[in-house]
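Each chain gets a letter, A, B, C, D, E and F, in the order it is written, and its residues are counted from 1.
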Amino acid sequence: MFPNKKVQSLVGRKIHVEMKGEQCVLEGVLKSVDDYLNLHLSGASEILEGEKKRSLGSVILRGNNVVLINPLLKE
Amino acid sequence: MFPNKKVQSLVGRKIHVEMKGEQCVLEGVLKSVDDYLNLHLSGASEILEGEKKRSLGSVILRGNNVVLINPLLKE
Amino acid sequence: MFPNKKVQSLVGRKIHVEMKGEQCVLEGVLKSVDDYLNLHLSGASEILEGEKKRSLGSVILRGNNVVLINPLLKE
Amino acid sequence: MFPNKKVQSLVGRKIHVEMKGEQCVLEGVLKSVDDYLNLHLSGASEILEGEKKRSLGSVILRGNNVVLINPLLKE
Amino acid sequence: MFPNKKVQSLVGRKIHVEMKGEQCVLEGVLKSVDDYLNLHLSGASEILEGEKKRSLGSVILRGNNVVLINPLLKE
Amino acid sequence: MFPNKKVQSLVGRKIHVEMKGEQCVLEGVLKSVDDYLNLHLSGASEILEGEKKRSLGSVILRGNNVVLINPLLKE
């Protein structure tokens, strides 16, 4: 399964996303994703040193600034 | 709804945008957006630690440098 | 008006441009722009903390490294 | 062999990946890769100063933020 | 003249190029350029605080990491 | 010769490559390159302040994170 298909298979699940920039880590439910790995998360929170720092609700993340995507429940 | 369509659905609303670079956070009314997530905001302000720092008026933001878009009113 | 058309409408006007990188802020007259937001400015200056730091004359700026474009005269 | 084909030839092997951002180094088994060098790793770990710092399991890495890929077993 | 045509018009001239990254400033004669603003310079030097720091000879610069191009002789 | 052709002409030669990120400088023999300037090097080493710091063997480098390519033998 190609990497983008792997991400599409995570729609509806809670994911952990690391973005470019200093300490920008988010968790939320993946609502949709396109081929550029642009992401739409609902119920998103910003995470700092493993703790929830800020509730953001609905966020859209630009794919080219996504570094790493990690499903939160083990496969 | 794909992430770019989600952003298009926010035209006319006030949004919060985090850009690449140190502490570049903006808020303004989304006037238009294209498929690259290039954004045109009116009445934009630069935000620093949650406070309005500088009024910018009309700004165009380059999509690839957008990290996160967050509608300011809850859905 | 899409964001790139908005920038095209600024040709001939003085604009403020923030680039990726530390404190790289420029002002100059927009001579031309393409769909990637590559910019050609004439009479450009580098701006540091709101003051003119260095005269650069004619400069070409790579679109993907443009963060923010702001027309200098209010609309 | 073109660089992307070289990476495709590493599917099933353990690789070392350096990402953009501060000290983001990962090791894991390459499950799939596409032409953009988006990577899907299984059994991935974050590495800090040559030591395993954190187990991540399955991760997807955005190709444009990959700096360097290095097969862990010598060729 | 579009920005990329403007750069093409500088072939054969000495240019000043600012790259992404810390203090990466180069000067050299522009041998060729393509539509991505990939640049080939000959007789290139690295410049630090306005002084020649290191001779590099022939260098190829990746267009997306070019921030600013400035012809060294006034137009 | 366009910049990418210039790099293709270096296949088989030892090159010096500066990548985005802090002090990521590599040297190695260029095995292959594509139009995105993705590079495959063999016998690669990481270089720190002009000295060989670490042997890496075979590495693939993502083109968009290449800043500068410099052939090691003078032309």
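Following the convention adopted for this analysis, contacts are C-beta pairs under 8 Å (C-beta built on N, C-alpha and C of every residue); 3 or more make two chains touch, one makes a residue touch a chain.
Here the structure is a predicted model, which is why all the values come from computation and not from measurement.
Asker: Need the graph distance between chain A and chain E over the touch network, please.
Answerer: The least step count works out to 3.
Asker: Just how many steps, at minimum, does a route from chain C to chain E need if it may pass only between touching chains?
Answerer: The fewest steps needed to get from chain C to chain E is 1.
Asker: Chains shared as neighbours by chain D and chain E?
Answerer: Intersection of chain D and chain E contact lists gives F.
Asker: Which integer distance in Å separates the CA centroid of chain A from that of chain D?
Answerer: 19
Asker: With centres defined as the mean C-alpha position, give me the chain A-chain F separation in Å.
Answerer: The answer is 32 Å.
Asker: Going by the touch rule set out above, which residues of chain A reach two or more other chains?
Answerer: 20, 22, 64
Asker: Indicate which of the five shapes (line, ring, star, complete, other) describes how the chains touch one another.
Answerer: It is a ring, because the chains touch in a row that closes back on itself.
Asker: Applying the stated contact rule, could you write out the chains in ring order, opening with chain A and then chain B?
Answerer: Starting at chain A and heading to chain B first, the ring runs A, B, C, E, F, D.
Asker: Please output the residues of chain E touching chain F within their complex, sorted ascending.
Answerer: Those in contact with chain F are residues 19-22, 24, 26, 31-34, 38-40, 56-62, 64-65.
Asker: For the complex, give me every residue of chain C touching chain B.
Answerer: 1-4, 6-7, 18, 20, 22, 37, 63-64, 66-71, 74-75
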